[in-house]
Amino acid sequence: MIDIKILSEPLNVELCTAKVQDDGAGGIVVFVGTVRNHTKGKTVRCLEFEAYESMAVSEMQKIAKTIEEKWNTYHVCMHHRVGSLGIQDIAVIIAVSCAHRKAAFEACQYAIDTLKQTVPIWKKEIFEDGEEWVSAHP
Amino acid sequence: MIDIKILSEPLNVELCTAKVQDDGAGGIVVFVGTVRNHTKGKTVRCLEFEAYESMAVSEMQKIAKTIEEKWNTYHVCMHHRVGSLGIQDIAVIIAVSCAHRKAAFEACQYAIDTLKQTVPIWKKEIFEDGEEWVSAHP
Amino acid sequence: MKLTLISYGIAKEILPAHKHEIDLPVHTIDELKSSLFKSYPALEKLQSISFAVNEEYREDSFSLSENDEVVIIPPVAGG
Amino acid sequence: MKLTLISYGIAKEILPAHKHEIDLPVHTIDELKSSLFKSYPALEKLQSISFAVNEEYREDSFSLSENDEVVIIPPVAGG
């Protein structure tokens, strides 16, 4: 099962974990990305996430299909939030289940690494004294 | 913060994740170990977990301290369940938070790998036609 | 060629609007990119820039068709 | 030497009880192990066996003291 969503409401770790549970699964690995309060020494007040939704979903589907083939995952759940997020809010949850835990760790790490490279989602950090699109400039 | 518990009630993924959240954390990795319905081709009906509790807690503390030093984790939460568990029930949750996700993946994987080697907890698999202490015999 | 440009993130702040129509003598992504870099020099200063047509990333050599919707993708930063 | 033996998991099913007192002419974990293997041959058939005193794993050479509580630890299988 593959469950991919872009959501503007708070994400739910319990829900994503439950979605990937399986009678045959011995290991579930969940990555939870939260908003940090600092970046390169500056204090972050909040973040704005924006997505090109249809393509973001399609790129996340590609990632899920790749890990399904490569690591033989039972289930993959990827939820990404958009809109305005405060410190500690959850921006992304990726949960994967496999028969064995080593595969689950590798698959989950591949998923978040690739998501950060290919999925068309952008974030703007709002500082006390300005704002900046993350990674936009060299 | 290190939070180690041996519990006889159902474990809670949301709670363990919340415990390791931190203003400075950019990556939380959670391992969730669930009861599988088969082992070496046999159908498992349920499991009995038994712990030498005081030493199990002390061995989990050692693991948490090691990953704190080695991967600079912010927080570590390790909850292990004991008693009778059914298929898909959660036997263990290990949640760790770090400033960066790579460290969080490595620390979490080290924690579960080491827990399985050193923490004095035993499980007995109950099959339709008998029972067996896991890993007891070569 | 008539095209619709759609831009996100910082590109949306550099171009006139999230979505706008253009009519330019370009046939490939590469030619479109050069033309955009001339009109909006700030685009060239980005760490990277990609283009998508029909929800897929497209190479520089990709041939555009009349009325294509071309999405400008500045450096992504999900997660 | 008087010792209290505490056993868990499969060891509990091999020894007479979860907790029982013994009085044996042994001074180290190694000697205790040999003695236990003679009395309970099933213990030797386990994949591995470890001993803990005061909540710490102890080496074979560990010197036992009068009235120590020795915990017999068969192969662990947490997680």
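Descriptive notes on the structure:
Labels for the chains are A, B, C and D, by order of writing; each one numbers its residues from 1.
Here, a residue touches a chain if its C-beta (ideal position, glycine included) is under 8 Å from a C-beta of that chain, and two chains touch if they have at least 3 such contacts.
It should be emphasised that the depicted structure is a prediction, and the values quoted were computed from it without experimental measurement.
In summary, the chains found to touch both chain A and chain D are B. Take away chain B in thought and the touching chains that remain sort into A, C | D.
The chain with its CA mean position farthest from that of chain A is D.
Chain A and chain C have Cα centroids lying 26 Å from one another. Work out the mean CA point of chain B and of chain C, and you get 48 Å between them. Distance between chain C and chain D, defined via averaged C-alpha coordinates, is recorded as 72 Å.
Among the residues of chain B, those in touch with two or more other chains are 33, 112. Looking at chain C, one finds that none of its residues touch two or more other chains.
In this structure, the chains touch in the following pairs: A-B, A-C, B-D.
Residues 12-14, 17, 21-34, 36-38, 87-88, 99, 101-102, 104-105, 108-109, 112 of chain A are the ones that touch chain B when the two sit in their complex. In the complex of the two chains, the chain A residues touching chain C come out as 33, 49-52, 54-56, 58, 80, 91-92, 112, 115-124, 133-138.
Every residue of chain D that touches chain B in the complex is listed here, in rising order: 6, 8-10, 45-47, 52, 55-57, 71, 73-79.
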